[in-house]
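Order of writing sets the labels: A, B, C and D. Residues in every chain begin at 1.
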Amino acid sequence: MKSSSLATISAAALAFTLGSLGGSAAALAAPVSTDPEESDVRTLDAPKPGWFFIQRGFVIGGTLIYDSASGKLLGQVETPVLSDMALDPAGKAYYVAQSIWTKGTRGVRQDFVTVYDSAGLKVQTDIDIPGRLLVGGRKNNFIVSEDGKWGFVYNFSPASSVNVIDLARRKFAKAIELPGCADLIPNPGVGFSALCSDGSMATVAVMGVKPVITHTAPFFNATTDPVFDNFAYDKARKQLVMMTYTGLVSTAAISARPTIGEPFSIQQAAGIRKGDPAPLEVNWFPGGGQPMALHRPTNTLYVLMHKGEYWTHKDGAEEIWAVDLSAKKVTKRFGVEGKPEAIEVTQDAAPRLIVTGDDEVARVIDPATGAVLHTIEKAGSGPITVIEP
Amino acid sequence: MKTFDPDGLGEKLLRRFAGGTSRRGMLARLGTAIVAAPVFPLLPVSRAEAAKPDRSPEAKTIFARNAQTSDDTKCDYWRYCAIDGSLCSCCGGGIHTCPAGAEPSPVSWVGTCINPEDGKAYLIAYRDCCGKAYCAKCDCNNTDRETQLYTPQLNNDIIWCFGTTSMEYHCSTAVLVGAA
Amino acid sequence: MKSSSLATISAAALAFTLGSLGGSAAALAAPVSTDPEESDVRTLDAPKPGWFFIQRGFVIGGTLIYDSASGKLLGQVETPVLSDMALDPAGKAYYVAQSIWTKGTRGVRQDFVTVYDSAGLKVQTDIDIPGRLLVGGRKNNFIVSEDGKWGFVYNFSPASSVNVIDLARRKFAKAIELPGCADLIPNPGVGFSALCSDGSMATVAVMGVKPVITHTAPFFNATTDPVFDNFAYDKARKQLVMMTYTGLVSTAAISARPTIGEPFSIQQAAGIRKGDPAPLEVNWFPGGGQPMALHRPTNTLYVLMHKGEYWTHKDGAEEIWAVDLSAKKVTKRFGVEGKPEAIEVTQDAAPRLIVTGDDEVARVIDPATGAVLHTIEKAGSGPITVIEP
Amino acid sequence: MKTFDPDGLGEKLLRRFAGGTSRRGMLARLGTAIVAAPVFPLLPVSRAEAAKPDRSPEAKTIFARNAQTSDDTKCDYWRYCAIDGSLCSCCGGGIHTCPAGAEPSPVSWVGTCINPEDGKAYLIAYRDCCGKAYCAKCDCNNTDRETQLYTPQLNNDIIWCFGTTSMEYHCSTAVLVGAA
């Protein structure tokens, strides 16, 4: 096949070159002045703090890798629609939890975690798993433990469970039933935690023979003022940062027995009245699929905010608010274009905000000034991922 | 909660969600369900909510104030208060009808929407039609009382194609379950 | 799984209804006034002369079925990206020749023809074949014989061949090598014909033990004035209608020994000078991926025409020209919006033109007046198919 | 035609298309190729063309008159006179470089494009990069001397991913083969 294909080309070149040269075979036999180029393939550096990753969305598969400094596209990790990407903390691999049918939209369902090497983006292996939740836009359905040894993939069948993957051995380890809970939180040395429909946080100790599940007391209302799925975890502080639809910001100290901090209102932190779920009341509310980003070095939370009534929690933003979590103060507000629904922030000393929305136009913003440094068309609708320290 | 009586209030709703499945069949299913019971932790919350005086904003969301009852191919049709996805009404199907070749999911997320004509709240089952490539017409994303993944039956981002031969998402319907 | 899932919902409904009603179990126990609706599934009539089919394009799979009278979407045939659809002449089935990898973009390649019943659009079977050409926008890579018994799928590996499928027995029959030729033409009682790179038409008699391939004398120049791939065949006249880049229209009488008619210039048929491949010369040229449509009852050809130089054969149209093939005269010219690159025409007595382009906006046009009767957003970029008499 | 000498003019071009494959390897391939010989019927046509005085419009197409040499992420870059698809230069690759994880097809369609700087015609191999989902950036569709399926090596619609581990199309490069 390859051989005859090469001949196909050669004959074509021959025929065509003869044509364009006037058909003198002698002329062609003479050496051609310009040397031919070789085809080659790019390799990538290990993921850098200035990079960001945007999943393209519901129609085109792929997660695009960008450099926030240049705004340039560096490459693409193969993340089929509805798949979840997680990073190897050592920077050696990208992991993609995905579900593929043998005949595209039908046939046999296959759930697996694909391991790509971060330099060549080549498939190293597929780790089969029993199943996973099919949903878009979430960052906490597939998490990797801080030591990089374990992967946790949320499954919903619609019975709720978590698939534990041994990333060192690259094989599925076990499934753990987790009734009434979702959204996985790293819990170093313990396993993972999750949020539950009764308003509690569940913690799952996975290391024992049988997993042990404990719950905190309920601390939020899952149906009247839910905590957004796309919360943020700070490894250094072992702290989870959560935000609710009304704008209540709370933190949790993650351990075998997590403790939940006192929530505060982002609106009150900005000097206005707190968000109210009551109908007709207009206020500034957080919104979007990925409505907040945590800059860990400075413990600053950046939140996508819009004017509206309650139950507009998916609306795109008109402003970005910077919240100093230590002082519980909104330290900056600035307007943003494009009604973004997803936000992330690079974790380096001079952080860059990345926002995108339904129009798939990403913007790289300097949070110090609110200035747009790069505008990138066709970047994708998110979620957005960065390298965490 | 695990001891509530399936022959009581539960079973009536169950039959509606099953779309006319026989009572016997439903009870059998429920039997299994009580064992798995993934969402029973929900109930105390809801009961708690139930006590609150200000718990019924359905009539007053911005969606409900602007909803219409005449055109089910528009995102502001009253039943779509919590729908997310392509309207099957725009894809060769209808408000409770899958396009040819698609398969309705036996389960779904739910919404409680106000019919502007009688001002009453109705329970709507947003059943996905599954097994065909994404229709990508009349995409809507309404969020009245829509919640997050830990309360999945009220979340409209999940691909609700369970128990269908293929889980490929095509479009979404808005099936009237009954008065809420 | 199904059972627990039903319970999931029931519990949800229960919980939620309790919530919205104020939590009195008694209230719920009372009968609910409104009866529940049943979920059901649409079925379709057999394909009608007024229907048209538009393949969506390179990103979203599917071929949309529209009624030209109402402009309404009736349903979708599952045609993955780069697949080819053909109609059962009896109207009982849609055939889709496709290529799917077991893991989406990788894994094991599977080439097969899927049979869908036209009423339920359900998969009846997949007929495995050895391979097929991967290319978009072509109508003549998969054809079905007039009696509906045989399917012919063009394959390019890059060696050129044709896969013959027994549609009655629903199995692959044989592969026939066809060096240097492509674009399949029905040849009733013989097999099929095809166009070749030496400018000839090949005819393949498939019924014998060994296929017999004969060639006409060269009648066009494959590299300087190519015949567009998307030609049209008229079953009743057993006539092929072809058009070249410069605008030469020719017909061929299809038989075991096809005869090629004298070509005429579409521009001269409109009273202007003929199309010239010479550089810099501006003229009206045919263009697009599917640049012409044949209304068989009136032997009228509708052509997408644009102003420009030669080698602009993919450019979208500014005008549609109607050519009376019997009189070899352009009988009508009218302007068209949207720079369409594909055109078809329904075969009924009051024909409707359908055009679409890169913007995927389809327009239904009355060829008698040029009036746009329906404008359909997100219809797809084509190719467009209609029911042939 | 089947007897032309692969050690002659043909082989030099062959080696270029193989991107530096050894002569021995190429001769082996060609041996097989002559048996299959799918496109040899092309040659008489081209030879005939070669005789025509007005056969060299490369310098004069509207594309060639407007081409530039500075930015290979734009559709009007001179080498793209017959390209169709996403430019690898916009997808993390380069003019002759596939993005990480993609695989260049060993075969391709070809174009003959004019470099505005020297006014000379060059043979360009449009090698697809394969095995990754469609890049969908910087989509171009230029058609200088682009033909139809029965002359496949001059057609830019075909997915030119033959002999790669996956035929999924990602983007296209424009590799300089030599002076035409």
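Criterion: a contact is a pair of C-beta atoms (placed from the backbone, for glycine too) under 8 Å apart; a residue touches a chain by one contact, two chains touch by 3 or more.
Computed from a predicted structure; not experimentally measured.
Chemist: Tell me which chain's centre, taken as the mean of its C-alpha atoms, is farthest from chain D.
Modeler: Result for max centroid distance from chain D is chain B.
Chemist: Comparing C-D against A-D, which pair counts more contacting C-beta pairs?
Modeler: Result: the pair with more contacts is A-D.
Chemist: Roughly how far is chain A from chain C, centre to centre by C-alpha average, rounded to an integer in Å?
Modeler: Centre separation, chain A to chain C: 39 Å.
Chemist: Nearest whole angstrom, what separates the Cα centre of chain A from the Cα centre of chain D?
Modeler: Chain centroid spacing, chain A to chain D, equals 38 Å.
Chemist: If you average the CA atoms of chain A and of chain B, how many Å lie between those two points?
Modeler: A distance of 28 Å separates the two centres.
Chemist: Could you tell me which residues belong to chain A and also touch two or more other chains?
Modeler: In chain A, 1, 4-5, 8, 15-16, 19, 59-61, 78, 80, 105-106, 157-159, 223 touch at least two other chains.
Chemist: In chain D, what residues contact two or more other chains?
Modeler: Answer for chain D, listing residues that touch two or more other chains: 36-40, 42, 45-46, 49, 55, 107, 132-134, 136, 151-152, 154, 162.
Chemist: Using the touch definition up top, name the residues of chain C that touch chain A in the complex.
Modeler: 1, 4-5, 8, 16, 19, 59-61, 78, 80, 100, 102-106, 110, 123, 126, 157-159, 223
Chemist: If we count contacts the way the header does, which residues on chain C are in touch with chain B in the complex?
Modeler: 1-25, 28-29, 31-44, 60-62, 65, 73-76, 78, 80, 116, 119-122, 378
Chemist: Which residues of chain A touch chain B in the complex?
Modeler: These residues of chain A touch chain B: 58-59, 82, 99, 101, 105-106, 109, 133-138, 141, 154, 156-160, 179-183, 194-199, 218, 221-224, 226-229, 277-280, 289, 308-314.
Chemist: Enumerate the contact residues on chain D facing chain C in the complex.
Modeler: It comes out as residues 36-42, 44-46, 48-49, 52, 54-55, 57, 59-63, 107, 131-134, 136, 141, 143-152, 154-155, 157-159, 161-162, 165-168.
Chemist: Help me check something: in the complex, which residues belonging to chain B touch chain C?
Modeler: Touching chain C from chain B are residues 8-10, 12-20, 26, 28-30, 32-40, 42-43, 45-47, 49-51, 55-56, 58, 90-94, 96-104, 106-110, 112, 121-123, 125, 127, 129, 132-137, 151-154, 162-163, 170, 173, 175-180.
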